[in-house]
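Quick heads-up: structures coming right below.
Note that chain A is present in both complexes that follow, paired respectively with chain B and with chain C.
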Partner chain A sequence: MEQKALCANNVRKQYKEKLALDGVSVTLEPGHIYGLIGRNGAGKTTLLAALTAQIPVTSGEVAYGGEPVWENEKALADLCFSREIGARADSGEAALKVKDYLRMGRLFYPHWDEEYAQALIKQFGLDVKQKIGRLSKGMQSMLTIVLALASRAPVTLLDEPVAGLDVVAREDFYRLLLDDHMATGRTFVISTHILEEGAAIFERVLILKEGKLIEDTPTDDLLARFCAVSGPAAAVEAACEGFPVLHREALGSHASFVVRAPAADITARGQAVELNALSLQKVFVALCGHEQEGQA
Partner chain B sequence: MNTILSDQSLIYLQIAQMLEDGILHGDWAEGAQVPSTNELARTLRINPATAAKGINQLVDDGILYKRRGIGMFVAEGAAARICAKRRAAFYDQFVRPLAAEARSLDLTREETEALLAKAFTEKKEG
Partner chain C sequence: MKPTLYFCRQVLMYHLVMAAAVAADLLLVRIFGQDSIFFIYVNMFQYLFIMMHAIGTANICSLHAKLALGFGATRRQIVVGYTVVMVVSAFAATLLSVASAAATPLVLGPIAEDSMQALMGTAVADGSLWYMLIPMLGIGAVFGWVTILKNRRGWRSVLLIGMVMIAAIALWLVLPLVVLMMTADGDSDYLALLNIIRWVPLVSGLVLFAVFYALTVRALRRLAL
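The block that comes next holds the complex of A and B.
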């Protein structure tokens, strides 16, 4: 498979009232699985749509293998953006049958693998004659996953593919994704706010906050920048002094801090404290959690 | 080999530790082939690059070596090397926390030593 990088260069997207993307630059190198994470309204869907030329950008540019993607049939043939269906339930889509939705995939994506699509439909137990609007949220998610995987596009972007899935189905999905990634070396970008399994799957994490890309970092490196420190309050204070403390909890004379510091730096203070790594979810909350709720 | 991953430490470190445990407990003898990056990724549901990072750490430590085109194998003296490394960490990782917990339970040194002696007489767990 030909391997090319997909790049956004200083991309801005202004909707009437809102600056949805505020100067995002990112390079998606071939052969990796990226996690795109951010709170609702952070600009995840807008970024994925801009990367695949499904919306025009206000300024900046998106290029695939060095060529602009806008109205570039050759570049678009290699890119798949599988949208979340539930978000647009009242659109024309809801009246489509599953098989019609997949027929669009067959027409749209020149690398389409019908045999793979059929195998996935069978595995997920999708009823191809059912109308999309009548599918459960989980089945709608699975349909977007079938479209994405069977597209066989060298660069495949999935918008919230696991949003409607329970933990068992999420694990099944990630296993399928890894199998396909290992077999083909395709590049995947998975946008999600469900991070339980993500840290193990994403080689690199992109974090969007209010339209800005605030992290583009290997997952391990990101996690290694933080730790949780707990123990007697005085010892925890002494161990964390001078480092940015993102979260504090106190229970009697016991304290737990989330601190932006490598574990080795805390250990070097020689305090009698317990150190733990943070989960990706906790890191995400530490980086993006201190704002008002409710921005859609 | 414990194959349950936690989020208490970085995944590639857990992969390295898991393989070290297996070598130490004799799951893979010296010269034996260990699971490939893809096998680890598939079984543990992790990114193959992360599995490779864990394996590469053991290559750097001289625990595993690569036979090009075939796979990863346990190096000669690997178990002894792991053993020496873990002995060096044994005091800080196990003995000091044991003493600290004993103190907080008001167990005397003699009582704690008696418990330790008892544990040594019990059958080796599998």
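The block that comes next holds the complex of A and C.
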């Protein structure tokens, strides 16, 4: 499988009053698993749609292997954008049967793996004769997962693939994704709000906030840049002085800060404080939550 | 090529189902006789094929074009697919109408001369196939565009456009009558009127096709999910 990078260069997307993407530049290197996170309305789906030429961009360019993606049959044959079905009620997918939806995958995706698709359908217990609109939210998510994985597209983008899935199904999905990634080296971009399981899978994290890409960092590096500092209020204040504090909590004489600084830098101050690493979810909340506005 | 194949399968399926229904109806009339309820549908065959063509084209423009885009088709591929399938579907609907008109007397024996099937048979004998094919293309283009408009702006704009179109067509149909009434002087004018009205489906079909095909292609080129 030929590996090419998918790049967005200063992409802007304006919807009437709303600026959905504001100068986003990102390079999706081949062979990585990216996590795309952001609050509702941050522009995640718009970015994925722009990367796969499903919407025109207002300005900027999206290229795959150096070639523009827009109206490029060759480039689009290598990309699969598996969207959340519920979000596309107007497109009428609900009226299709599962088998018709999968037949489209077979027809449109040149790398389609029918054997793998059948195995996944069996594993997820999907009824191929059922209409998509009659499937539960979780089953619809499973269908989008089958489509994305069986497409075998070198670059596969999944929008909210785990929405509606229970924790067991989510773990199954991430295991399948990892197995596939290890076997094929495909690039995956996964947009999600559920970060607990994803954090261990994502090699890089892309964080969108109000249409701007505020982070494009290896997950471990991102987590290492933040820590939670707690202890006596005065000691915490002294330990964190000069570092951007993203979240503050006070409880009597005790304080707890989320700070944008490596733990080693805080330790070097020699204050009697307790340091804790942050989960990706906590980092995300610290970066995008309301409470840090004006403080970072 | 992929969207063309996909669209073809979706639209031609409608025609096949309708052809099967028509054959079944002819068989039922053959069994139960021309005074049975099944004979009513014999006069509707042409309209049924037109309806299938219109619904098929509308579905391509509203549902299947978007699905194809979601599966990675380019807008160029979608426009080519739509064009090919619209023309193929119009031909299929016309040919099936003609075939049903030809098959009806063969299956049922002589039928009333003023029935739709008999008139169709006469039109075929006159070589007037274009008078059916061209309006068929126009109808397909209108239905395609209307569904796009409905998806974009809702039914209210469709109603508005529909009323304007009906008014325009009514005016166009009435205008020759008005001209004739103002200059009427005997039977020769009746023939002149017939000659004018004979062109109405052909010209209106061409105009509708040109206008609404252009609008549909423009919309499909800007398709977004």
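One rule holds in what follows: the second predicted complex is superposed on the first by the 288 of 296 C-alpha atoms of A that agree within 3 Å, B and C clash if a C-alpha of one lies under 4 Å from a C-alpha of the other, contacts with A are read in each partner's own complex, and residues count from 1 in each chain.
Keep this in mind: contacts are C-beta pairs under 8 Å (C-beta built on N, C-alpha and C of every residue); 3 or more make two chains touch, one makes a residue touch a chain.
Please read these numbers as outputs of a predicted model, since none were measured by experiment.
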Point to revise | Simultaneous placement of chain C and chain B on chain A, clash or fit | key: fit
Review point. For A:179, is the partner it touches chain B (first), chain C (second), both, or none of the two (neither)?
Key: first
Check your understanding: Is A:67 in contact with chain B, with chain C, with both, or with neither (first, second, both, neither)?
Key -> neither
Review point. If you stack the two complexes on chain A, which partner ends up touching A:33: first (chain B), second (chain C), both, or neither?
Key: first
Exercise for review: Pick one for A:76: touches chain B only (first), chain C only (second), both, or neither.
Suggested key: second
Exercise for review: Report for A:277: first if it touches chain B alone, second if chain C alone, otherwise both or neither.
Suggested key: first
Review point. In the superposed arrangement, which partner chain does A:108 touch: chain B (first), chain C (second), both, or neither?
Key: second
Exercise for review: Could you say whether A:223 touches chain B, chain C, both of them, or neither, answering first, second, both or neither?
Suggested key: first
Practice item. Please indicate which partner A:200 is in contact with in the superposed arrangement: first for chain B, second for chain C, both, or neither. Key: first
Practice item. Report the closest approach of chain B and chain C over their C-alpha atoms in the superposed model, as a whole number of Å. Key: 28
Practice item. Over in the complex, which chain A residues touch chain B? Could you list them? Key: 32-33, 171, 174-175, 178-179, 181-182, 197, 199-203, 219-220, 223-224, 272, 276-280
Revision key, fill the gap. Chain A contacts chain C in the complex at 49, 52-56, 71-73, 76-77, 79-81, 83, 88, 90-93, 95-96, 104-105, 107-109
Point to revise | Contacting residues of chain B [partner chain A, same complex] | key: 5, 7-12, 38, 41-42, 44-50, 53, 100
Revision key, fill the gap. In the complex, the residues of chain C that touch chain A are 2, 5-6, 62-63, 66-77, 151, 222, 224-225
